[in-house]
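Each of the next two complexes has subunit A plus one more chain, namely subunit B in the first and subunit C in the second.
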Partner chain A sequence: MTTFASTTTGSTLVVRPEGRLDLVAAPELREIVAKSIAGGVVNVVVDLAEVDFLDSSGLGALVTGLKSTRQAGGNLRIARAPEQALIVLDLTMMQQVLFPYPSVEEALEAP
Partner chain B sequence: MSVVLMHVRAELAGDESSLDSMHELFATLWDGAPSVTTRDRVLFSIAVAEIAANVIEHVLPAYREWALDLTAWDDHLEASIRHPGPVVERGMTGWEMPGEDAESGRGLALAAAASSLHYSHSTDPEGSEWRVVHELVS
Partner chain C sequence: MSAPKDIVLKGGQLFFVRVLVFLSLVFGLRYVEWRWFSSLNMSQWWISIALVAAETYSLVDGLLFGMAMWRSGYRKKPEPLNRPATVDVMITTYNEPIDLVMKTARTAKAITYPHTTYLLDDGKREELRELALAEGFGYITRGEEWVNRPLHAKAGNLNNALMVTSGEFLLILDADQLPEPNILDETLGYFNDPKVALVQTPQIFWNVKEKDVLGSQAPLFYGPIMRGKDGWNAAFFCGSNAILRREALMQLALTGYVQDVATVLKETLRGSKKVVKQARKQAAGSPSLAAALQEISAAARDARRAVRRGTSLAEVTYEFQRRVRAASRGTIHDDLVQMRRDLESLGDVGAAASLALLEREDAIVSRLSELDASPLQALTSLKEMVDTFDVGRAHEGQPLMPLATISVTEDMATAMRIHALGWKSVYHDHLLAHGMAPEDLGSALQQRLRWAQGTLQVMLRENPLVKRGLSLAQRLMYFATMWNYLSGFANFVFVAAPVAYLVFNERPVHAYSTVFLLHLLPYIICNQGMFMLISWKRGQKNIPTWRGQQYSFALFPLWIRAAFTTVANVYFGRPLGFVVTPKTREETSTGQMLKLVWPQIATMGILLLSTIIGMVKLYLGIAPSIEGTWLNVVWVAIDVLWMSVVFRAASYRGFEAPAP
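What follows is the complex of A and B.
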């Protein structure tokens, strides 16, 4: 079962999923990001360090978050993607859209 | 001539809980084929998992089970995913990667990008088989 830990750093929500970010877990990530935006926190960093498997549904949830945060005037960034997630981003040609920052700090400081 | 290093098989429930069983099968497969590189494991498991998710999401609500065979050969990896029901329209076409704004619809395209994908359907008994083949380069 995938768990999600969330912390707010400044004006940014940092979400740390642990487990698989897949068909089962994707709806919860969408909900967490939607609630954050509704609460006025429109910048989100998803720390993927503890995600052991990312599938197209998980990727779809990240795209949903990216679009909805941008529509609200913010952004969604990803950090510390493991090799498996990097391969998924590469195969789907999404690395330009969801740039994988090497650290949460760099994702937080990105312009 | 190819040599089988490890073969695992399971009849799985037609719901999301079977994804846990699928990942456990992957772990057993890799235990029996330790020489397979991490990248090959990732590419093969992505392809198989995307097919499985597609089947669970779109086919199995009307049915109850699906079957998964995973085989590690010394020169390739192979999976067979079988499920009941009518022909899957997107089995034959629709493997194109959608645009970057798409929030869904990447599954089959991702599977096909990760490994070779084959789909077949039979009316006797009615059901489909997806085969995933991943050649091991080294």
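What follows is the complex of A and C.
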């Protein structure tokens, strides 16, 4: 079962999923991002350090989050992607739009 | 079914044994009939029923024994093997002292018939490996494939070795069994009969004194009983000192494999509807998934039909997995379509990424499904279902398991399966290897417990009475050994009955009187007469059967424990608490040893106390009956005499004599 821990740092929401970021977990991530935007926090950092496994649906949820934050005038960044997630990102060439930052701080401070 | 033609079933001794078996049958049935229908004291029904049930149990035990004795003859020595054959001598070891193992290996090397000697070391000892290789023995241990998978003890050890060796015949030896040089010359000839799969020879222990305080020798078993089972083509494999035909073991492995795969497949297909339903719940609200599940559900339905039509399992599983993979690609494709839609709203960079996805879509889909990064992987129940379609038996160390792994006594279970495939076995009643028995009570009890548990595991998992392929006689011969290990309950009743009488005046039998003795004595006389006759060998000492009978009775608490732990193991997955029998003397005090047999000591205490109470009652004139009290006192005396062996066993300190 995947769990999500969220903290707000300044004007940014940091989400830390733990477990598999897959088909089953994807809807919850979408919902968390949507709620955050509705509440006025439009910048989101997803800390992937504790994600065991990322599948195409999980990646889809990240892209949906990117789209909705951008549309609300914010941004979604990812940090600390583990090996398996990097392979999936690389394969789909998503680094162009979802750059994997090495740490949460760097993701937060990026322009 | 007639007895194998090279077994001699003639002679005066066998004739009289048969007469006594027949008379035991007649008198035994008469006695039990009288007990059930004419002597039950139903005013004290609970003890009455328990006692008559225990007596019936014993009668069945006696009759099955008699059936074996009916055909307990002698085999003619076989002609030599009519062609050259390759033989692997396999010495199984786990934690036995290295000196002992090497001594066995060197003795095995001296076997005259050409052979290769292998050490099968489940202890993975570097020192043993070096010694073995230096002296030119094969050395085999488990490989990576066994890591995190069930090891199956000695059966697994042998199965592992069978995959990397190729000898046509295998001589299996425990680490302490020193073979005679002629062991193969004497026995290989039986394999001239192409249907013979197994030749078992006796197991006798040189480190046991004549008195055999621990009851280690089994002269009745490795004599009249095994010869009798042989007469019904049901002599079984006893773990060591046996020669097996590889072809039979491999046939066993293959049929076992196919059956196992078919069973798992059918069970999975039967459960597939439920699994798909669960998966739907887990992934509610995903339209692309709904389509994929629809397709998997249809694939499972078609697979069920194909199995019913008799399509080969390999084809069914291949087709099913192909369709699951296709469905799984479908879900990835749908995710990518959604992603592209999202990306296109992100301006130029997004549009470029979207285009890149589109151009490389096929490659991405294939790679993601190879990485198991398909969304279907998220549905655990579904994933498990697809995995069980794997025909590689991924849960086992190796797909082919020649020796049965359903029991800690793999030998008996394997022999039964060999017989069920139509192979024959031989018991060669000539001593050709000398082993070591446990030298202290603790190890001896552990060994006995393991045998009982293993036998009962086979009874519960593959009951010979219903197993396909066995003849009626084979069913009964296997069942006889299993039935025998249930004696603990009957003996508990035999111990409890005199206590109930002497202390509580409970009378299970209407009349403890001449009528009772008239019914019981003829059976006892015939039965004991049969025992004396089968123990008698012309010009030789009698076979000492008394110690074995004594232990069979005295260990009743152990047999009861074996029955309960085995049921808990087979039906509730609890561990048996089984350890490999130690072969070295353990430094243990008599006091510690006596703790192991506390149930016996407590029972003897209760019996003696009951006797005193009974005698006082007799003196005061308030005993139920004079003959009854005396009969029960004699009964108690016999019980205590038999059980008292545990005191001598607890203080036994092993054997001091040179090996042969």
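In this section, the second predicted complex is superposed on the first by the 111 of 111 C-alpha atoms of A that agree within 3 Å, B and C clash if a C-alpha of one lies under 4 Å from a C-alpha of the other, contacts with A are read in each partner's own complex, and residues count from 1 in each chain.
Rule of thumb we're sticking to: a contact is a pair of C-beta atoms (placed from the backbone, for glycine too) under 8 Å apart; a residue touches a chain by one contact, two chains touch by 3 or more.
All figures in this text were calculated on a predicted structure; none of them were measured in a lab.
*Asks:* For A:27, decide between first (touching subunit B), second (touching subunit C), both and neither.
*Replies:* A:27 contacts subunit C only, not subunit B.
*Asks:* Examine A:16 and indicate which partner it touches, taking first as subunit B and second as subunit C; both and neither are also allowed.
*Replies:* Touch status of A:16: no partner.
*Asks:* In the overlay, answer first, second, both or neither for which of subunit B and subunit C A:77 touches.
*Replies:* neither
*Asks:* Please report the subunit A residues shared by its interface with subunit B and its interface with subunit C.
*Replies:* 20, 22-24, 53, 55-57, 59-60, 63-64, 67, 84, 87-88, 91-94, 96-97
*Asks:* Spell out the part of subunit A that touches subunit B in their complex, as residue ranges.
*Replies:* 20, 22-24, 53, 55-57, 59-61, 63-64, 67, 83-84, 87-88, 91-94, 96-97
*Asks:* List the residues on subunit B that touch subunit A in their complex, please.
*Replies:* 16, 19, 23, 38-39, 42-43, 45-46, 49-50, 53, 56-57, 97, 100-104, 106-107, 109-110, 113-114
*Asks:* Report the residues of subunit A in contact with subunit C in the complex, numbered from low to high.
*Replies:* It is residues 20, 22-25, 27, 53-57, 59-60, 63-64, 66-67, 70-71, 84, 87-88, 91-94, 96-97 of subunit A that touch subunit C.
*Asks:* Which stretch or stretches of subunit C touch subunit A in the complex?
*Replies:* Residues 282-283, 285-286, 289, 331-332, 335-336, 338-339, 342-343, 345-346, 349-350, 352-353, 356-357, 360, 364, 367-368, 371, 373-379.
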